[in-house]
Structures are given as C-alpha cells and as structure tokens.
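In the two assemblies presented below, chain A is common to both, partnered first by chain B and then by chain C.
The block that comes next holds the complex of A and B.
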C-alpha cells in the first residue's frame, strides 16, 4: 500500500464520518430557521458568541451544551438497562454507516490507479444501504421495548409495522431502477446518469424512472421517520413515542440519528434519481478535458456569487427596530470581509493551479472537488425538501399510512417494474 | 325548530384530488411562497422583535399589582380584608395594625401578594372599596431566581408607580 493509497483512504473515511456529523448542525439549523420562515416567524436568532450569531447556527452550540449537561436518567422501571442504552447507539451508528457506500465523486484516477470515492470502496452499493436502513429500525423497536412504557412500546410497534410496509415498495422501486441501470454499484449508477437522453436532457433517474422516483422518495420519508410518516413519535398521541423515556444525550443520539438518517437518505435519493455527483451536461470526461476553461469560469463565477450573497446578507442581517449603532450591521460587515478574504484566497489558489500544475493529475483532483461540491449542494437541497414537506403536510392517520403503503405504493411499484422491464427489453 | 341547517358541499372526492400528489404540490407551493418572501426579505416576518420592541399594553390590562397612595403620600389601603377574602387563589396575606397617619383606624402592617399563586383575575381590584389596589403597572413579565423573590411585600407594592395617568385609567384605554 503506497502513501497515496493510505492518504486517500484516510481522506475518504474522514469524509464519510465527519460530513454527516457536520450536516447534523446544518440540518438542525435548516429545520428550525426553515420552519420559522415557512410559518412567517424568525426562528432562533439570538444566541451568539461575542456578537457573532452566524445566522442562528450558534443556537446549536447552546442546545448541545444543554443536552450534554442535563441529568441522564435511566428510569428505575427499566429492566434491561443494557438494551435501553444500546438502542440510541444503534440508531445513530447505523445512520452514519449507511452513508458509507454513497459515492461523493466519480472514481478518481491517480497514477494509473482507480480510487472509488466512497467511504468503503465496495461495489455492494445500494444493497449496503438497504441492509442498514432495515437495521436502523431495530434501534427504535429496541428503544420502545426496553423503555417498558406503553407510549414507548406503541411507538416501537408503529415504527416496526411502518418500516415493514414501506421497505417493500422501496425495494421494488430500487429493482426497477436497477433494471434501467443494470448494476447495483452506486458509482456506476451515478456514472450512468451522466449520459444525455436524446442528446440534451441529462439522463437522471427522475427522468427515466419518474414513478420509481416518487415511490422511492415517499418510502424514504417513511424510512427516515419524518413527517408525514412520523407516527413512531406522534407527539399528539404518544407523547414522544419510542424516545419518551430518554433524556439528556441519549435523547440527543436519537435526535442526531434522525438528522443523519435524513442526510443519508437524501444522499441516496440524489445518487439514485438526481444524478449523484454529476453536474448536468458536464460529465467527468468533459470536465477533465476542459479543466482550464472551467477554472476560468469558476474564477469569474465565484466573486459574482459572493457579491450577490453579500448584498442579500446586508439586506437581511440588520435589526428591524430602532437600534443605534446596529450590532447586526457590524456583524454583517465582518462577515463580508471574511467572505471576500476566502474568495480572494480561492482565486489565488486557482490562479496558481492554472499557471503551474494544470493538466494531468491536478485536473482530476479539481474535478473531484467540484463533484463533491455538487453532490453536497444537491444533498442539501434534498434535505431542504424534507424540511419543506415536514412543515407543509400533516401527519397521516395510522390506517391511512398502511393503506397508502399496501394498496397504493405496492401495486404501483409492481406495475413500474413490469413497465420498466418491458421498455428495457423492447429497446434492447 | 332550530336554525336552518346549511349543507356544506363535500370536496376532496374527485379523481383529481384523490391523486393526492397534485394537491400536495399545490400546498407545497403555498408554503414555499411564504418561505421565499421571508428568505429574500426578512423584514416581512409577522414578528414582534421582543424584548427590544415591547408590546403596547392597554390601561385595562391586568399586570402586576401595586398599592395606591393619597396625594399626601399616605396609603389608601385601610386593611378591610376585602381583597384577601375575595381572592380565589388565596395569594393575598394582610396583617392589620393601628393607623398612625390619622386618616382612619386601620392600615396594613404587612401586605404580601404571592405572585406564583396569583392568577391575575383582578377580583382584588374590583373588591377594593378604597381603590387602593390596582393592576395598572403594565408589568407583564415577572422574573426571579427563587420563589421568595415572587412574594411582593408592602414596600415593593407601594413603590411601583402606575404606568398610566388617572384619566387614561378611568377611561380604560383607547
């Protein structure tokens, strides 16, 4: 194993471990500010460190300190303390692990060797996700059972029944996607989506598999236990459902696990149906061959984006009441300086790249970084859809949920398999 | 016979509506509209920026209590126990003593209101024959670090000024 192998191994594992963790903070922030904006409120915008509130992100830090320092109670009536403690660990670790097979950039070719840009460079792909997504519910069932309370056990039972009914349409939706892609390897699936349909439409999963995409997205919402399918929590009926007996950081683990699961299933949805890391109309080969032109384009686009963002920030980051020497305006001025500094630094890096190392391996690394950025942007947008749906739709009633799963999604997904297979066979 | 029953038209049964997805997308468009307006210009939020911007409290609003005084600075309260008797939450505790300023026979030597017990119903104000207790301080948020700090004593109740002029209070605000 050469040094390069080792370096890439460490980088990929670090990406797979830390990006989901970082996204917890981003998603909690997005959920709270997003919810507020959907409901015409302002959301958490007061917590700050030396006057820097980072648009409300600092609130997460305050929440984390609160959760960590709260009393950690294991109720006396809990008979199986081991399982009680194990449950949140399962939920959280499974959520992080299931991200491991998602490719965040096209296979990187360095020194004649091909490196799969996945945390675990395996070609199990979607099977890995399916196996682990099914396993995550064990944590919820275990939590409900071991907390030995009727609300907990009802929440756990609901989660179990729900996952069984939605795993099937999800699996069928994946089958029809696999019929189209012809592989289970997620890197190859994303690669397939870099082609163009009729020469001008990006051949994304959502274009070639529209019904499958809808079924999969609905089932993924149910798998991640998000509204409108969050019956396992159902605070209006079950207090808090499966995590009703949990406090402090054990509750925090469930909470973080939910957001990691949301991130992971967004990543899977993006990889299967929205082109993964592919930039539309720019496949990896095109990008590598035109690396210089794209660098120049980036160098032009970056200041423009920064300028628009800073204008937006100056417009919105001010106090909407009489406030002499507005601290929010001062804060925004400092942010603007930081952003311009970062943009300048990036411009210098790109310029140095252009005049010295462009062509060869550096191009491929640049393209990989671009694709990682694209992948993260797409995943963030998909997470926004999760938040958007949560604050739009009310929760299903339990019988409606089962009816939707068995009577609508299941026949539709079966139909989708037949239609897809027929079309694929006819076209071949 | 009672009022004429109005028969509401049932909706949601047409095929178009039973497809769900189209209606869901319509709903999502509505919420996204709200999001985008607020995201692009957050001065459009329907929010009062409390605590920097305080709400307007009308004069009739029942805030924290105070004890009123005559013009010469002597307290109006004659320790008749009307408020204490009338209090449904039993939060007022009066101890009567001999009056020393010569206005009448009695005055309270102790007058405590436990704000944690108080339900802010305003019956004490209505019961008072001397207009000695009022809830016109405009204080609506009482905070404290311990329970004892919520028990208002005679001096604290006398020291708080009313937030409104006499005319405003009599008129009951706009």
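The block that comes next holds the complex of A and C.
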C-alpha cells in the first residue's frame, strides 16, 4: 500500500464521516430558516457570539450545548436499559454508515490506478444502502419497545410498520432503475447518467425513469419518517412517539440521526435519479480535457458570484429600524471581508495551478473537487425539497398512509417494472 | 492474518448468538442475539468474497425477516409472565448437550482429518451480482423458477389463511 493509497483512504473515510456530520448543522439551520420562510417570519437569528450570528447558525451551537448539558435520565420503569441505550446508537450509526457506498466524484485515476470515490470502495452500491436501511428499523422498534410506555410503543409500532411497508415500493422502484442502468454499482449508475438523450437532454434517472423517481422519493420520505409521513411522532396524539422517554444526548442522537438519514437518502436520490456527481452536459473526460478553460471560467465566475452575494447580504443584513450604529451592518462588513479573502486565496491557488501543474494528474484532482461540489449542491437542493415538503403538506392519517403504500405505490411500481423491462428489451 | 482474526471474531459471534437464542428467556433477547448470528454469518460470507450473498443475507435475513419477528414481539408485547414455566430447562439443555456431543466430536475428527489444501482467492469477479445472476438465470433457470413458484404458493396460502379468519368473524 503506497502513501497515495493511504492518503486517499484517509481522505475518503474522513469525507464519509464528517460531511454527514457537518450537514446536520446545515440541515437543522435550513429546516428552521426554511420553516420560518414558509410561515413568513424570520426564524432563529438572535443567538450570537460577539455579535456574529452567521445567519442563525450560532443557534445550533446553543442547542447543542443545551442538549449536552441536560440531565441524562433513564426512566425508572425502563426494564431493558441495554436496549434503551442501544436504540439511539443504532439509529445514528446506521444513518452514517449507509452513506458509505455513495460516490461523491467520478473514479479518480492517479498514476494509472483507479480510486473509487466512495467511503467504502465496494461495487455493492445500492445493495449496501438497502441492507442498512433494513437495520434502521431495529433502532425505532427497540426505542419504542424498551421505553415501556404507551406513547412510545404506539409510535414505535407506527414507525416500524411504515418503514417495513414502504421498503417494498422502494425496492421495486430500485429494481426498475437497475433494469435501465444494468448495474448495481453506484459509480457506474452515475456514469450512465452522464450520457445525453437525443444528443441534448442529460440522461438523468428522472428523465428515463420518471415514475420510478416519484415512487422512490415518496418511499424515501416515508423511510426517513419525515412529514407528511411523520405520524410516528405525531405531537398531537403521541407527544413524540418512540423517543418520548429520551432526554439529553440520547434524544440528540435520534435528532441527529434523522438529519443524517435525510442527508443520506437525499444523496441516494441524487445518485439514482439526478445524475449523482455529474455536471450536466460535461462528462468527466470533457472536463479533464478542458481543465484550463474551466479554471479560467471559475476564476472569472467566483468574484462575480461573491459580489452578488455580498450585495444581497448588505441589503438584507440590517436592522429594520433606524439605529445609529447598527451592529448588523458591521457584521456584514466583516463577512464581506472574509468572503473577499477566501475568493482571493482561491484565485491565487487556481492561478498557481494554471501556470505550474495544469495538465496531468492535477486536472483530475480539480475535476474531482468540482464534482464533489456539484454533488453537495445537488444533495443540499434535495434536502431543501425535504424541508419544503415538511412545511407545506399536512400529515397523513394512518390508514391513508398504508393505503398509499400498498394500494397505490406497490401496483404502480410493479407496472413500472413491466413497462421498463418491455422498453429495455424492445430497444436492445 | 487479518482475515483469520476476522473469521475468528465472526465465528465466535455466530455461535454465541445462537447459544443466546436458545438460552435467553425473554423473546426480545433471543431475537436480538439471533440478529447477531445472522450479521456474523453475513461477515463470514463476505470473507468468502461472496459479495451478493453477503448483501442478500443482510437485506433478507437480518434486515427484513428478523425485523418482522422483532416487530411481532413488540406488537404482542410479550412479558416474562406470559411465558410458560420451564422448570426442566436446565435438564433439557444438559440432555441435549449430551446427545449432541458425540456428533460434534465426530465432526471435529472429520475436519481434522481433512487434507491440507492450498487456498487461493478466486478471480475478483467471483460472487459478484453479475456472475451469480448469470449462473442463476443460465444454468439453473428452471429450479430457480420452481422455487419462486413455491414462494408464491406460500404467499397465496398465507393470504387465504388470513382471509378465512376475517370472514369467520
């Protein structure tokens, strides 16, 4: 194992572990500000450190401190304390592990060797995700059952029944996608989606498998226990469902697990149906061959985007009332300086890259970084869809939920398999 | 060397889980220790580089079937008081052990008498999705379809049994 192998191994594992964790903060922030946006209010924007509120991100830090310093109670009536403690651990670690097979960039070719850009470089791909998705049920069941209270057990029952029944349409939607792609390997699936349909439409899964995409997204919402399918924790009837007896960081684990699961299923949706890391119309080879032109374009685009963003920030980050020495204006000025500093540093790095090492291996690394950025942007947008749906649609009734799963999604996904297979066979 | 260590860990976990399934009194404990066995078996398949079987073991057995069983245990909410009293449990375990012991000893002798054989890893494609699929659908198509019909029959049977109880009420 050479040093390069080791370095890439460490980098990939670090990416797979830390990016979902960082996204917890981003998603909690997005959820709150998104909710506020949909309800026409401001959302959390008061917590600050020395006047820096980072658009409300500091609120997350305050929440984390609150959760960590709360008293950690295991209620007296809990008989199976081992399962009670194990349940949040299962939920959280399964959510992080299921991200491990998602490719975040095209296979990196360095020194004649091919490195799959996944945390675990396996070609099991979607099977790995399915295997771990099945395990997430254990966390919910154990939490509800070991809580040993009526709310807990009812919430656990609902959540488990829902997850088990929506796994079937999800599996069928995946099958019809696999019929099209002809592989379970997620890197190859993303590769397939880099082609062009009729020469100008990117061949994304959502274009060639529209029905499958809808079924998969609905099932993924149900799997993640998110509104409109969150009646496992319907506040008005069950208080908080399966995690009603949990406090402090044990509750925090469920909370973080939910957001990691949301991130992971967004990543899977993006990889299966929205082209994964592919930049539309630019395949990896095109990008590598035109690396210089793209670098110049980036060097021009970055300051323009920074300028627009800073204009927008100055316009919005000010007090609504007349006050002589507005600290929000001062805050925005400092942010503007930081952004210009970052842009300048990136420009210097790109310039050095252009005049010294461009061509060869550095191009491939640049393209991989671009694809990672594309992947993260797409995943963030998909996560926003989750937030969007949560604060727009009301909750389902329980029988409606099961009816949707078994009587609508299941026949539709079966039909989708038949139609897809017929078309694939006819075209071959 | 690393693989040997992993094999030991998985083998010990598999046996311990199975022992736990028999010995634990509470059904939830039994089910969870059986989950440990199934996951350890999946690990053993992975060590044999049977990638597809590894994934299927996790998806079907550890993921789907066991989660249904755990779900039912939760649904019925079985308490220790609902379980039958097993006063002769220790005696039965002892008797069972004595019956099984000669077979185990026999197996041990057979395994020891196996000739040493050099083992090499098969090609990288062994046990992948494509290879297993090709074997299944090219060489074993009719047995495979017959097994699926068997599953379908049991599925229909389960639906009919459940339906009958519904109309009788």
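A few comments on the model shown:
Assume the second predicted complex is superposed on the first by the 428 of 428 C-alpha atoms of A that agree within 3 Å, B and C clash if a C-alpha of one lies under 4 Å from a C-alpha of the other, contacts with A are read in each partner's own complex, and residues count from 1 in each chain.
Here is the rule we use: contacts are C-beta pairs under 8 Å (C-beta built on N, C-alpha and C of every residue); 3 or more make two chains touch, one makes a residue touch a chain.
Given the structure is predicted, the values throughout are model-derived calculations rather than measurements.
With chain A as the common reference, chain B sits beside chain C without any clash.
Applying the stated contact rule after C-alpha superposition, one finds that A:302 touches neither chain B nor chain C. Of the two partner chains placed around the shared chain by superposition, neither chain B nor chain C is touched by A:85. Contact with chain B, but none with chain C, is seen for A:40 once the two complexes are overlaid on the shared chain. By the touch criterion defined above, A:354 lies against neither chain B nor chain C after alignment on the C-alpha atoms of chain A. In the overlay built on the shared chain, the residue A:130 is in contact with chain C alone; chain B does not reach it. More residues of chain A lie in contact with C than with the other chain of the pair chain B and chain C. With both structures placed on the common chain, the touch criterion links A:313 to neither chain B nor chain C. In the superposition on chain A, A:389 makes contact with chain B only, while chain C stays out of contact range.
After overlaying the two complexes on the shared chain, residue contacts for A:160 are found with chain C alone; chain B is out of touch. In the composite built from the two structures, the nearest CA pair linking chain B and chain C is 29 Å apart. Common to the chain B and chain C contact sets on chain A is no residue at all. Taken in their complex, chain A has these residues touching chain C: 80, 83, 122-124, 127-128, 130-135, 137-138, 141-142, 144-145, 153, 156-157, 160-161, 164, 167, 183-184.
Residues 21, 24, 27-28, 30-32, 34-35, 38-47, 49, 52-53 of chain B touch chain A in their complex. If you check the complex, the residues on chain A that touch chain B are 34, 37-42, 214, 312, 315-316, 319-321, 323, 388-389, 391-393. Within the complex, the chain C residues that touch chain A are 28, 32, 35, 51-52, 54-56, 58-59, 62-64, 67-68, 70-71, 73-75, 77, 128-129.
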